[in-house]
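Heads up, the next two complexes both have chain A, just with different partners, chain B and then chain C.
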Partner chain A sequence: MLYREAGDFKTSYAADLQTFPIKSERILFWAFTAVAFLVVPFFINDYWEKSILVPFLVWSMVALGLNILTGYCGQVSLGTGGFMAVGAFACYKFMTAFPDLNIMICILLSGVVTAGVGVLFGLPSLRIKGFYLAVATLAAQFFLVWMFNKFAWFYNYSASGQISAPERTIFGIAVTGPNSAPWATYLTCLTIVFIFAWVARNLTRGRVGRSWMAMRDMDIAAEIMGVSPFSAKLSAFAVSSFYIGIAGALFFAVYLGAAEVTEAFGIDKSFTALFMVIIGGLGSILGSFLGAAFIILFPVLLKNLMVGYLGWPTDLAAHFQIMIVGGLIIFFLIVEPHGLAQLWRLAKEKLRLWPFPY
Partner chain B sequence: MRFKLLVASAAAAMVMGTAPAFADLVFPSLSYRTGPYAPNGIPFADGYADYFTLINERDGGVEGQMIKLIECETGYNTEKGVECYESTKGEGALLYQPLSTGITYQLIPKATADNIPVHSMGYGRTSAANGKVFPWVFNYPGTYWDAASIIVKYINDQEGGDLNGKKIALVYHNSAYGKEPIRTLEELAKKHGYELSLYPVDHPGQEQKATWLQIRKERPDYVTMWGWGVMNQVAIQEAANIRFPMDHFIGVWWSASENDVLPAGDGANGYKAIAFHGVGSDFPLFDDLKKYVIDAGKAAGDGSHLGEVLYNRGVYAAMLAVEAARTAMKLHDTTDITPTMMRDGMEALVLDNARMAEIGLPNFGPEINVTCSNHGGPGLGAISQWDANSKTWSLVTDFMGADREVVDALIMEDSEAYAAENNIEPVACGS
Partner chain C sequence: MNVEFLFFLETVLNGLMAGVMYALVALGFALIFKASGIFNFAQGVMALFAALTLVGLQTGQVPFAHLINAIFGTEVHHFGWELPAIIAIAGTLVVMVAFAYLFEGLVLKHLVNQEPIILFMATIGLAYFLEGFGDLMWGADIKPMDVGIPSGGSFWWEDVTREWAPEGSDYFGMYVDKLDVVAAIVAVVLVSALVAFSQYTKFGRALRAVADDHQAALSVGISLRTIWVVVWSIAGFVALVAGIMWGAKSGVQFSLSLIALKALPVLILGGFTSIPGAIVGGLIIGVGEKLAELYIGPLVGGAIENWFAYVVALMFLLFRPQGLFGERIIERI
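After this line comes the complex of A and B, so read on.
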């Protein structure tokens, strides 16, 4: 009853093509955004920031990036962890080499550097696809992690190979380093994710996004129709890596504050990101957020439930959590192979007809 | 539908945010009972928890204050470690002992900002021994660099005081933890004239065939190891496979537990490792542990690890925490201590042999006298050796000191670099 199109008239093409065509959905979206920007910062504490909201936002950014490449352009990538490492180390080098550079510029520049690296490792995609491309990107993962561990220049010759983010400010407010306030880091991440989710949504609706999707659905047909595989595939790699690089920079500088390449950006990160986009929904912006929420927040929820409320031993809870999350992944993929975003879409379809379904 | 969704999300939100509950003495235990490091994480976590249980059961707490232990599973993973830190610090946590160098590195700036002490006992950032730069971080009774130096000293003694032209290899976990000793070993190589070769092993370290083939080819005179978790047992097994003389294979104190040597069976006989505390269960305290904790059914684990090296280390860590809390109570003349008071207690901790005997651990570890500028403790270590027939560790040397000249200079250099990088004004220590 609340969610319906009756009375919601469109008088222009622009109105008809908007992201949220139904009024109640628009209201919901803006209300949600307003709460995220205007209410949450007043209530956030260290625990919510470091354990829940910031990781969720950072991983949403990763999932957005990978979704552009895998979901929209159909190029499977297992190099996400490596690209995140590029973003993190680029950010670290910018932060330490140019102490006066604004942190926002550092983060954006690390995205640009990662985009370059992504294009480089995207070159094989012009010749190979599917599993073969997955293996090529896997090589990127291992090569990049090895490189950041091997050459001490990347971590400024520190004895332990750890990089740690010095304190940097925006408008005089610390957003990196241990003294940063929870609301500051949260708002930094939220702003970046909000802007780039917006950009991603509109990129994927436009000419570039259509060329990616054409490439995904059938590359030969797309080529015959005049879509250049060179620019379509490499632009997807560039944009995707840009997103992942920014996420890597946020992951290191804002979220953790210190990182060690083998531990923080290992192959498991690549798999985590891939699971997110598959579970969330390939080729869906909302799916990136839902997937990140499922993979990052659900285990925390389960842990708090089992250890905090039921008082189970921590090891039992940890094992249970792995089993439950694993089981749910299989369950969701069987019930809805198109991911959580498709479930949401179906729910909306049903709601539109409720209470008189035909 | 909407309403249900709202209720569900509200319930989820409530579960997500844990309510703070202030107890008397809160000691979080960032343990890992799952994952590739669990074989080492479990005995330590059990020992840590059991000692606190003993104090609660036998003595009714520390000076009448009961201890509340909060366990949080990290899986040796830094992100989970951070989550554990954030979720437990609101409960009035007095002290963090994360048992992971990676997590320690992560917590040093955070805990310093939150004014909660961190005790990385024999691990973590070595240069945190400089209390002027790291007022909130402690790593007594010894550091990695002490360990590296003592191992080299022992090798030097074995070789009759001349290491010129000898080859020493370091097999290490390719992480912040494993890389810690490299600087010291390089510095000592300059001093003693041995040749150092490095063999990194990537996490988790289940595959080391190539590493050990290379070692067989290069034939180093001694191999030292900075390993943890499954990496240890694999390395010892591989060393046995290439018939490397086990008494020339010396591990750090984290590569020296029963779990590490037992899988290799007789092959591990003679394997050596450095230790900073005693081995076995032949101490009066363990009778109490058995009586009040394990036989009473209150053990944290299944009670089978009693007397194992890492269990003992957990007990030792908990004992040091309790003694520091006691010192803090005396110092501030209150039993209701805060993390800041706890820090003062740690910095004023004096643990002599008489007190150790009183606790029931006579000669278990070296005498400790923490000062404002020295958070690294005496830095003593002894070499222990594994006997595969009787399945026991035994100390084959006395506790020896590290090469202070080399180690202290490195600590100063590294901590000053850290202070400069992070704009830290070193604390004036009075002396």
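After this line comes the complex of A and C, so read on.
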């Protein structure tokens, strides 16, 4: 009864083409958004901010970026950690070189820088594909981390090799640095993620997105139909890296506050992002969020269960956690290769027909 | 011979030795990729797991000791026996075969006909699983491995090479680790054995048939599933050999699983489907890395070993995407 298109008449093309064509879905979406923007900031505390909500938002952004590249354009990338590092270090350089520049502009600019780097490392994708490309992006991962480690200019010659975010404000409210309030950092991340998720959604169902998907499904056929592999692949790399760069900037400036490149942006980050995209669903905007939520929440839950409830030592819990995450990935691939987003789609189909079986 | 040239020679020699070690890992990749089209990311972790199991069996560790202690509040660690190396190796082999069998039955069987990228990601999942499982089973501390392989520099070779230097120069001879030499010999034996196996045995022929064409192989009565178990068992065996060599060199620890990442450029260079390619690629990468560290490293601040191999592989890809010995990629719509 809740989820029906019956009686929901479309009288214009715009209404027919909207993202959520069914009314109850629209209501659900806006209610969710309203809670996220208007209710959560009043109740958020330090624990929820630092260990659940902000990491979830930042990782959703990463997953969105990687999903554009891997899910929509079909180019597997293992260089996500490296691109996040580019975003973080670009943001740091902008913040320290131009102290008067608004932090939002810094973050956007670091996205632009990362997009440039992403295009550069995306160039091999014109010649190679599949695993070969995955290995090529690994080169980006190792090279970038090495570079940020080796050249002291990137971390302003600090003795520890760490970068730490100075305090910056939006409308007089601190959003980076140690004095930032939980609700301020949360709202900053939420706003950015909301806007860019909306952009991504519309990008992927427009002309550009369709050319990406054509490239993914069969590149040679797409080329014959007039999709230029050059612009399709490189634009996917650019947009994806832009998202990942912004996420990297948020990760460093808003979430961590201080970062050391090999620790914060190592290869495990690349895999984490890939897992999110797989578990959430390749080629789905909602899937990026679901995947990020799963990968962020699951270890927290497991840890609470094993360390808090069963009283096991933390190292044992950590091993268990790695094992279970690995096992779950295999499980998901076997049971539902299209991820959580597909489960949601199936649930919606069932709901539409309910209470009839078909 | 002047000293400079001797240094160069030493670097090349050590590079070759390092290359053999990379090739040992790359070999496992190539085997599985050739037979099932799966890019097995977990090869490195399999080597780690095999090495952990070997050490655990040899020193008589109680499996899952930490877990048992945590649940039942007991204090068990060791059975109190020491197995000879050869029995422990045999035991590990049994474990690896059992692992191959389980993996085929629980995972691969269900993923038939999925896209290669899905299979690739499944092996990443496997890598995580095995890593956690290995740590859970045998503990995460660094363990020394001793299976009786000689190690340390070879004095004989140092003496020989000292003679080559000009009179009066302070050259002390080349340093070559005996362990590396053993690894090189083992690699040669291993490759010859594998080639012989795939050329002259019934299983080997079936293996090559499956590699050529799954469906045709099925239609002449070759059981794909049996072949997969065999291939993964062989890969487990290669992982064990690599694990022994690397474990004896630097101790059995988590970083062992990262050698998989070292093997990737090797594969690209040699071609994913070629066994000789894995060896030649390994040698090229090994030598290239050491020479680059020696001659280019100082210019950019050193520590370029991490990514140099990848850049070489990348350059190479631009000119020859299928690798040195890979099969030419022909695409149809």
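A few comments on the model shown:
Everything that follows uses one rule, which is that the second predicted complex is superposed on the first by the 351 of 358 C-alpha atoms of A that agree within 3 Å, B and C clash if a C-alpha of one lies under 4 Å from a C-alpha of the other, contacts with A are read in each partner's own complex, and residues count from 1 in each chain.
We adopt the following convention: contacts are C-beta pairs under 8 Å (C-beta built on N, C-alpha and C of every residue); 3 or more make two chains touch, one makes a residue touch a chain.
None of the values given here were measured: they were computed from a predicted structure.
Looking at the shared chain after the overlay, A:His319 reaches both chain B and chain C. By the touch criterion defined above, A:Ile329 reaches chain C but does not reach chain B.
Touch criterion not met for A:Asp16: it reaches neither chain B nor chain C.
Once the two complexes are overlaid on the shared chain, A:Arg127 sits against chain C while remaining clear of chain B. Of the two partner chains placed by superposition, A:Asp100 touches none, neither chain B nor chain C. For the contact definition in use here, the residues of chain A common to its chain B contact set and its chain C contact set are 149, 313, 315, 319, 322.
Touching chain B in their complex are the following residues of chain A: 2, 45-52, 55, 149, 159-162, 164, 166-167, 177-179, 256-260, 262-264, 266, 297, 300-301, 303-305, 307-309, 313-315, 317-319, 322, 351. By the touch criterion stated above, chain A contacts chain C in their complex at residues 76, 124, 127-128, 130-132, 134-136, 138-139, 142-143, 146, 149-151, 218, 220-221, 224, 267, 271, 274-275, 278, 310, 312-313, 315-316, 319-330, 333-334, 337. Contact residues of chain C toward chain A in the complex are 39, 66-67, 70, 107, 110-111, 114, 116-118, 120-122, 124-133, 135-136, 140, 261, 264-265, 267-268, 272, 300-304, 306-307, 310-311, 313-314, 317-318, 321, 331, 333. Looking at the complex, you find that chain B touches chain A at residues 1-2, 12, 15-18, 31, 33-34, 38, 42, 71-73, 75, 77-79, 82-83, 86-87, 89-90, 101-102, 105-106, 109-110, 112-113, 125, 174-176, 179-180, 182-183, 202-203, 414, 421-423.
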